[in-house]
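Per-chain numbering from 1; labels A, B, C and D assigned in written order.
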Amino acid sequence: MNPVNYLYLAALLFTIGATGVLIRRNAIVVFMCIELMLNACNLALVAFSRMHGNLDGQIIAFFTMVVAAAEVVVGLAIIVSLFRSRHSASVDDASLMKL
Amino acid sequence: MENLIALLIAAPLLGAAVLLVGGRRLDAVGHWIGTALAAASFVIGLVLFADLLGRSADQRTLTQHLFSWIPVAGFQADATFRLDQLSMTFVLLITGVGSLIHLYSVGYMEHDERRRRFFGYLNLFLAAMLLLVLADNYLLLYFGWEGVGLASYLLIGFWQHKPAAATAAKKAFLVNRVGDMGLAIAVMLMFATFGTFAFGPVFSHVGDASEGRLTAIALMLLLAACGKSAQVPLQSWLGDAMEGPTPVSALIHAATMVTAGVYLIVRSAAVFNGAPGAQLVVTVVGAVTLLFGAIVGCAKDDIKKALAGSTMSQIGYMVLAAGLGPIGYVFAIMHLVTHGFFKAGLFLGAGSVMHGMNDEVDMRKYGGLRKYMPVTFITFGLGYLAIIGFPGLSGFFSKDRIIEAAFAKGGTEGWILGGAALLGAAITAFYMTRVMLMTFFGEKRWQPDENGTEPHPHESPGVMTIPMIVLAVGSVFGGAFFSIGDRFLHWLEPVTGHSEGNSPLSAWTVTAATMVCLVIGVAAAWAQYGRKPVPVVAPRGSLLTRAARRDLLQDDFNHVVLVRGGEHLTRSLVYLDHTLVDGVVNGTAASVGGLSGRMRRLQNGFARSYAVSMFGGAALLVAATLLMRAV
Amino acid sequence: MSFPLLTATAVLPAVGAVATAAVPAARRTAAKWLALAVSLGTFALAVAILVRFDPGGARYQLTESHSWIAAFGVRYELGVDGIAVALIGLTALLVPFVMLAGWHDADPLETGSRRWRPTQGFFALILALEAMVIISFEATDVFLFYIFFEAMLIPLYFLIGGFGDRAHEHGEKAASTQRSYAAVKFLLYNLVGGLIMLAAVIGLYVVAGSFSLTEIAQARANGSLHMATGVERWLFLGFFFAFAVKAPLWPLHTWLPNAMQESTAPVAVLITAVVDKVGTFAMLRFCLQLFPEASKWATPVILVLALISIIYGALLAVGQRDIKRLIAYASISHFGFIIMGIFAMTSQGQSGATLYMVNHGLSTAVLMLIAGFLISRRGSRLIADYGGVQKVAPVLAGTFLIGGLATLSLPGLAPFVSEFLVLVGTFTRYPAVGVVATFGIVLAALYTLVLYQRTMTGPVRKEVSAMPDLRVRELVVVAPLIVLLVFLGVYPKPVTDIVNPAVKQTMSDVHKTDPKPEMEAAK
Amino acid sequence: MSAVAVHSLWTTAADPISKIDAPKIEYGQLSPTLIVVGAALVGVLIEAFVPRKSRYYAQVFVSVVALCAAFAAVVALAADGYGTTRARIAAMGAIAVDGPSLFLQGTILLAALVGLFTFAERRLDPAAHGNRVDSFAAQAASVPGSDSEKAAVKAGFTTTEVFPLLLFAVAGMLVFPSANDLLTLFVALEVLSLPLYLLCALARRKRLMSQEAAVKYFLLGAFASAFTLFGIALLYGYAGSVSYATIAQVVDGNVPRLDPALANTMGNDALLLIGAAMVVMGLLFKVGAVPFHMWTPDVYQGAPTPVTGFMAAATKVAAFGALLRLLYVVLPGLRWDWRPVMWAVAIVTMLVGAIVAITQTDIKRLLAYSSIAHAGFILAGVIATSREGVSSVLFYLAAYSFVTIGAFAVVTLVRDAGGEATHLSKWAGLGRRSPLVAAVFAVFLLAFAGIPLTSGFAGKFAVFKAAAQGGAVPLVVIGVISSAIAAFFYIRVIVLMFFSEPRSEGPTVAVPSPLTTTAIGVGVAVTVVLGVAPQYFLDLANQAGVFVR
C-alpha cells in the first residue's frame, strides 16, 4: 500500500486536531486535540521513515511521545489548578485579560 | 578739514546718548545739553561752510571715510560721508533751524516732566537727518532715512499716554516703511545693475544701464520720496503727525525731514535724468499733491492740520520742480530752504498761540489774538506773507521760479503743470489768509473749557519768541538774498546741474499771473472770513469741504481697504493655521490613535480566537511561501 | 596633540550639568551659581576658540579625530569653520544671560518629596542642552552630528514640559496639560523629522561608505563618489526634512508657537535663538556640502516655502493675542529669511543668513526675555491685559522697544545688516522673490509696533499701575545684549570677516558664483 | 548425539550482534548546558531533601553559582576560539558550537543571572506574618483565597521550585539557538517552554490572572509546537534527514548519495516549503511576531513580573537565535522564497506592535506590545541575510534583553495595596515622588524608543543599516515610521511620570534589596555603555557573526 496515504491520514488527523482546538471550549478537550495533532505528526514521521528507509523518523516519534507525556504533566497541572480556582474548565471563562 | 564732517553727526548723537542713557539725574540740565550740542553742530557746519566757500566751485566736495560698514564678497557698504554744496545747504538748514527749535522747545516743553527725553529724541533726529544728507552711498542714506523715521515715530508719539498720539506715531512709521521698501528695492536694483550703490560710481555709470532699469530705480526712489515727504498716495500720515508737540511739527514735519524726499530726488538727479518717464511721474505726483494739500488746508479748522496741509502742498511744489529735471532742481532746493524758514516760523507761531490758549488748536475758538500776543502776530504775519508769495519776500522768489520752470517744461505738460502751480498759488493765498484772519482778527471766540478755566492769551517767553523772530527775518530776506545775482543757482549748479528751459511765457507774464492769483485768493478769503464773523461751530459746508475735512476721504479708503481687509486676512489665516496646518498634524495623530483603538479590540481575551489568528497566520504563511515559489 | 579645545567646550557644560544636578535639594542657590559659573567658563572657552580660529586658514580648524564606533564607520571628528565659530559664540554667550533671566523661574512652589529638585534640574538641563548644541555645531561626522541633533531634544523636552510661566501656576492643572501637550508636540515633530533623517543617514552610509563630512565632500568633489540623481535627491530630502522641522519652515512650523508659548521665556529663547539655529546651520553645512546638485534642484521649492514662511509668519504674528505666540510667529518669519538666504546661493545671501542666525538670536533674546519679565510681573500673556506700561516702567518699555526695533530690523541694529544682505543676495539671483520678501519688512514693522502700542502706550491700566521697573538683575541681562545689537549693527565687520571665507567655501561646494551686475554683463 | 547436534535440530545460531559504537560527546564544548542542567537537577534534590527554611538560600546559591560557572565556560570556549576559528559541530551533529551560539548563550546566561536576582527579591512585598516573601505563590496547588492558601501564607511557605524551573528553562534556551538538527530544536523548544508555562502560573498576587496567563500560554504554545513538529516531519520527509547540514545540501540539490526515495521526495517542493513555513511559524510564535503575537500581552500581564522580564528577554534571544540558524544554515537556498514573506511579517509586526501600544493602559501590556514592535525591528535585521545582519541581530538582542529586564524590575518596585500598581494612571507624577526611579525608568523608555546615546539607538541603527545594505530600504523607512509611532507612547509614559500631578492615593515605591538594585543597575549600565561606547560589543557580535554548518 502506498505510504503516501498515511501522510494524507496524518494531515487529516492534524487538521481535525487543529479544528478541535479552535472550536472546543473545555480546556481538557482542547488539550486532547493538541495531543491528537502531535500524534498526527508521529504518524507522518513514521511514514516518512518508512519511505526513506532510515530510522530517524521513528526515533523522533519516540521523543515526541516523551515530550507529549511531559506536556501532559505540566498541562494538566495548570488546567486543574485553573479548574479548582474557577470551578470551570472552559477556556473562554478565562478572559480576565483583554484589550 | 573733512574730518570735521563726522563731528557734525557726532555732536547730536552724543547728546542723544547722554540724555537717553543718563537718566533722571540729568533732568535739570538735559535740555541745555541738547541745545548746546545742536548749536555746536551748527557751528561746525558754519566752519565747514566757510571752508567750502574758500574753495573753487569744483573743489567743493569733501569726503570722509570712517570704516568699512558691511564688507561681504562683492558687497561693500562703507561708512563714508560726502559734503558738497547740496549736503552743505541741508546741513546748515537742519542744524540752524534745529538749534532754533531746540531753543524754542526749552520754553515750550517747560512743564513736561519728560523734557529731557524730548531733547534726547530731538538730538537723535538731528544726528539721523545729518547722516541722511551726508551719506556717500544709498545704504548709509537708508540708515539715516530710517533713523529719521524712528525719531519722528518717537516724537509724534511723545505723549504716548494719548492713544491718538500713539496711533499717529505708528501710522507715520508704517506708511514710511512702505516708502522705505521702495528705497530698499532701489538699492537692490542698483546693486544688481551697477554692482555698487555708492553715489560716485552709480552716477558715473548711469550711461551703461538700460533706461528700463533706470526708470525702475527712479520709480522706487520716488516711492521712497512719497513716503517721507507725504506725497500722494502716501501722504495720509502727515496730518495725524500733528499729534506730536508743535516744535516737532515745526522741525521734522515742516522744515527738514519731510523734505528728505526732495533731497533724494535731487541727489539722484543723474538717475532721473536718464529716466524721462519716471520724471514725468514725479511731476504729476508733485502737481497732484500741491493741489491736494492746498484743498485739505482750506477745510481744516485745526490750525496745525491746516499748516500740515500747506506743508504737503509746498513740498508738492518742490517735487514738481525736482521732476522738471535740470530746469527745476535748484529751485526745488531753494524753495525747500525758504519754506524751511517760513513754515518753521509759522508752526512756532502756531505753537506760541496754543501755548497761550491752553493748547487749544481749533481756530474757530481763536480770534482777535493780535492784541494779546503781538510778537507772535508779527512774526506769524511775516511768515504768512512769505508763504503766499508777497512780492519781495522769500516765498515770492522761490515759488515764482518754480512756476516759471513748470511752464518752461514746454508742451501741453508745461501748460498743465504750470496751470496747476498757478492754481495752487491762488489756493495757498486763500487758506493762509483764512488761517491768519481766523486766528488774529475778528472778535475773540474762546470760552471756558469743560473744567471751567478761561484761557488767558498771553505772549510767550523770550526763549520762544527769539527763534520766531530769527525765522521771520529769514523768511523775509532769504529769497531775495538767494536770488539776487542767482547766488543760490551758482552755488548749487555744480552738483545738480542747471539748464534754462524755453518758457512759452516771459518771466514777467508768469509773475503777473501769480500776482493775480494771489489777489484772488486773498480776496476770496477776506470775503468769507474777514467781513462776516466766523461761526464757532463749523457750518456743514459743501460736499468738497466735508471731503476735504476728512483729508479727501483718503483715510477712509485706507481704513476700509487696508485695515479692515488686513484684519480679515490675518484672522482667517490664524484660523487656517489652527484648523488646516495644525489640523493635519493632530488629525494624523488622532487617526493613528483611532486605528489603535480598533485593532486593540481584536485582543478579546479568548484563547481560542488567538488560536484562530495563529492558525490563519500559519495558513497565510504557507500559502505565501508556496505563492512565492509559484511566481 | 594640542589641547582639545572643541571637546573641552562641549564637555565642560556636560560635566557642569551632572554636578549641578547632584547638588542637594536644600542648596538651591549654590546650584544656580555653579551652573552660572560653568556657563561663563564655557563662554571663555568659546572666546578661546574665536581667538585660535584663523579666518584665512584651513576650512576646518582645531580639528580632532578619534576612532569611535568602527563597526559603523563612525569617527569622533570635530572641526569648526567660520559659521560654526559664530554660532558657538552665540550659544555660549546667550546661555549665561538665559540663566540669569530664569534665575527664579524654577524655584519650587510646593516642596514635594525631599528628593524633588526642580531648580537643580532646570539649570542642569540648560547646561546639558548647551553641551549638545555646541557639539552638534562642532561635529564634522554626520553620525556624530545626528546623535546630538536627536539627543538634544530630550533636555529641551523636559525644559518645555517641566517648567512653565509662574503666571499660570494658578490653574496649574490646565496649564500643565497644555504644557505637556506642547512638549509632546515638540518632541514628536522633531523626532519624526530626526527619524526620517536617520533613514537618510543610513542611506548615505550605504552609498558613501563613510560618515566623515570632509571625506564625502572630497569624494564628491573629485568625482570618486558618484551618486545617482534620484538617490541624492531622496537623501537630500531626508536630511532637509529634519532641518526644516527644526528650523522651522512652513508648513512644519506649528510646534514652535505652542512650545514657545508654554515654556518660560528663557527656555523659549533657547529654542528659537539656539536650538533652531542647528537646523539652519545644518542646511548650510550638510545639505549643501553633501548634496550640492540636489540642493540646487530643490532650490525653487524651498525658496517658495521660505517666502511663504516670511509673509505667513508675519501675518499670523499680526493676528496673535498672546505676546509669546506673536514672537514665535515673528521668528518663523525670520527663519524664512534665513533659509531664503541660504538657498539663494549667493555669497551675500549666505553670509547674510549666517549673520542673521547670530543677530536673530540676540534680538529674539532681548525681546523674549523682556516679554518674560513683563509677563512675570502681570501674570498674563495676553496683549489685551496690558496698556500704558511705559508710564510706570519706562526702562522696561524702552528696552522692549529697542528689542522690537531690532526685530523689525531697523538700521543701526544688527538684524538690519543681515536682513538686507539676505534680501540683496536673493534679489540679485531671483528678483521677484527678493521684492516679495521685502514686504516682510513692512509687516514686521506692523506687528512689532502694534505689540508695543497695545502693551506699552495709552492710558495706564490699573492692573499694571503698580508694576516695578526692570530690576538690576534684569538690566544686567538686557543691557549687554542691547549694546551688542547696536555694535554689530554699526560695525558687523568682526563677524563678517569670520564668516565670509566659510561662505566662499560653501559657494564653491555648490559650484555657484554670484551673478554679475547687469552693467558688466552688458559689456 | 552431541548436545550441540541436538540443539541444532530446532535452533539455528543467529549472527553475533554487531557492536553499537557509543556516541562520543564533547563534554567540554557542551559544558555550559550541562552545568545548568546539572544545577537544575541539584535544585530538584534540594527541594526534596533540604529543610524548608534553608531551601531558598540553597537554591539561590546553587543557581547563581551554576549560571556564573556556565557563563565562565562560555567565555572559556570563546577564548579558545570556538566562536571563530575552531567553530565545530558537537554531540554527533546535534549541537553547533560557533560564534552565534556562544554569543547568545552568553547573553542568555547573563540575562538569566540578572533575572534570577529579581526572582530572589524578598523585600518588596510586606513581610507576611514575619516571613519575607518573594513574588511567587506561597503554595501553587492551593486554591486562591482558600483556607489552605491562608495557612500556607501563615506558615511562610514559598515556592522555591521556581529556581530549578528557571534553570531548566535556561538549559532549553541554551540549546535552542545552537541546536543543529530539527529533533534537538524541538526538544529544546519544549524544555524551555514547559518550565515557563509553570512559572507563569505562580504569581503571589492576582493569582487568577496568573493562572489564566499560564493556561493561555500553555495551550497556544502547545498548539504552536504541534505545528512546528508537523513542519519538522515534512522537512524530514523532504530531505530524509533532520540534520541541518543534510537538509541544506538537499535543498541546494547537491546530495552525496541519491536513493530513489529521496529523489522522489526531493522533487516535491511542497513538502519543503510547507514544512519550512510551519517550523518558522513555531519560532515566530516564540518571538511574538504578528500574527502569532496575541498571547504576548496577556501572558506578560498575568505572569509574575520577574518571570515576565526574564521571559521577554531570554526567550526572545533564544528564539531569534534558532530562527537565525534555521534561516541562514538550513534554508539559505530558499531565501528568495522566505524573504518576501518575512518582509511582510516584519512590517506588520513593527506597525501592529507600535500602533496598538498607543492605547494601552497597563504598563506591562504596554511593554508587551513594545516587545512585539522590537521583534519586528529585529526581523528587519534577520532579513538582511548577510554577516552584518547576523551581528546586528546579535547586538540588538544583547542590548534589548538588559533594557527589558531592567524595565520590568522597575515595574516590580511601584506598588500599592494590591501588589504591583501596573495601571498607567497610577504612575502619574511618579517623577515628583521618587525622581530617581522615574529617571531610571525614563532611561529605559528612551532606550526602547531608540534615542541616541542609549543602547536602543545603537541596536536599531545596526539593524536598519544591515537591512539597508541588504537592499531592504522600504523596510527601513517603515521601521523608521513605526519607531516614530512607538516613540509616542514611550513619551506618554514619561509625560505621565514627570509632567502630571501626583495622585493623592498614588502608589508607593518600595525600597528594594541589593538584588533588584543590582538588576536595575546592570540594566542602566548596559544601556548607557552600549549606547555611548558600543564598539567593543559590536566587534564581538561581528566576530561571532558566522555560523558553522
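To be clear about the criterion, a residue touches a chain if its C-beta (ideal position, glycine included) is under 8 Å from a C-beta of that chain, and two chains touch if they have at least 3 such contacts.
Computed from a predicted model, the values in this text were never measured in an experiment.
The chains that touch both chain B and chain D are A, C. Listing every chain that touches chain A and chain B alike gives D. Comparing chain pairs C-D and B-C, the larger number of C-beta contacts belongs to B-C. Chain C has its Cα centroid nearest to the centroid of all protein Cα atoms in the structure. Averaged C-alpha coordinates give centres for chain A and chain C that are 65 Å from one another. Chain C and chain D, compared by their mean Cα positions, are separated by 46 Å. If you average the Cα atoms of chain B and of chain C, the two centres end up 37 Å apart.
If each chain is reduced to the centroid of its CA atoms, chain A and chain D end up 23 Å from each other.
Residue numbers of chain D whose C-beta contacts span two or more other chains: 215-216, 219, 223, 297-298, 488. In chain B, the positions touching at least two other chains are 589, 600, 603, 605, 607, 611. Shown for chain C are the residues that touch two or more other chains, namely 188.
Every pair of chains meeting the touch criterion is listed here: A-B, A-D, B-C, B-D, C-D. Considering their complex, residues 600-601, 603-608, 611-612, 615 of chain B touch chain A.
Only residues 185, 188-189, 250-251, 253-254, 312, 315-316, 318-320, 347-348, 351-352, 388, 390-391, 398, 405, 410-412, 417, 420-421, 423-424, 427-428, 431, 434-435, 438-439, 441-442, 445-446, 449-450, 453, 456-460, 490-493, 496-497, 500, 503-504, 514-520, 522-523 of chain C touch chain B when the two sit together in their complex. Across the complex, chain D meets chain A through its residues 140-141, 143-144, 183, 186-187, 190, 194, 197-198, 201, 207-209, 211-216, 218-219, 222-223, 226, 229-230, 232-234, 236-237, 240-242, 259, 261-262, 264-265, 297-298, 301-302.
Interface residues of chain B facing chain D in the complex, by the touch rule stated above, are 589, 592-593, 595-597, 599-600, 602-603, 605, 607, 609-611, 613-614, 616-618, 620-622, 624-626, 628-629. Chain contact summary for the complex, chain C toward chain D: residues 67-72, 112-113, 115-117, 146-148, 150-151, 153-154, 157-158, 161-162, 172-173, 176-177, 179-180, 183-184, 187-188, 191-192, 195-196, 198-199, 202-203, 205-206.
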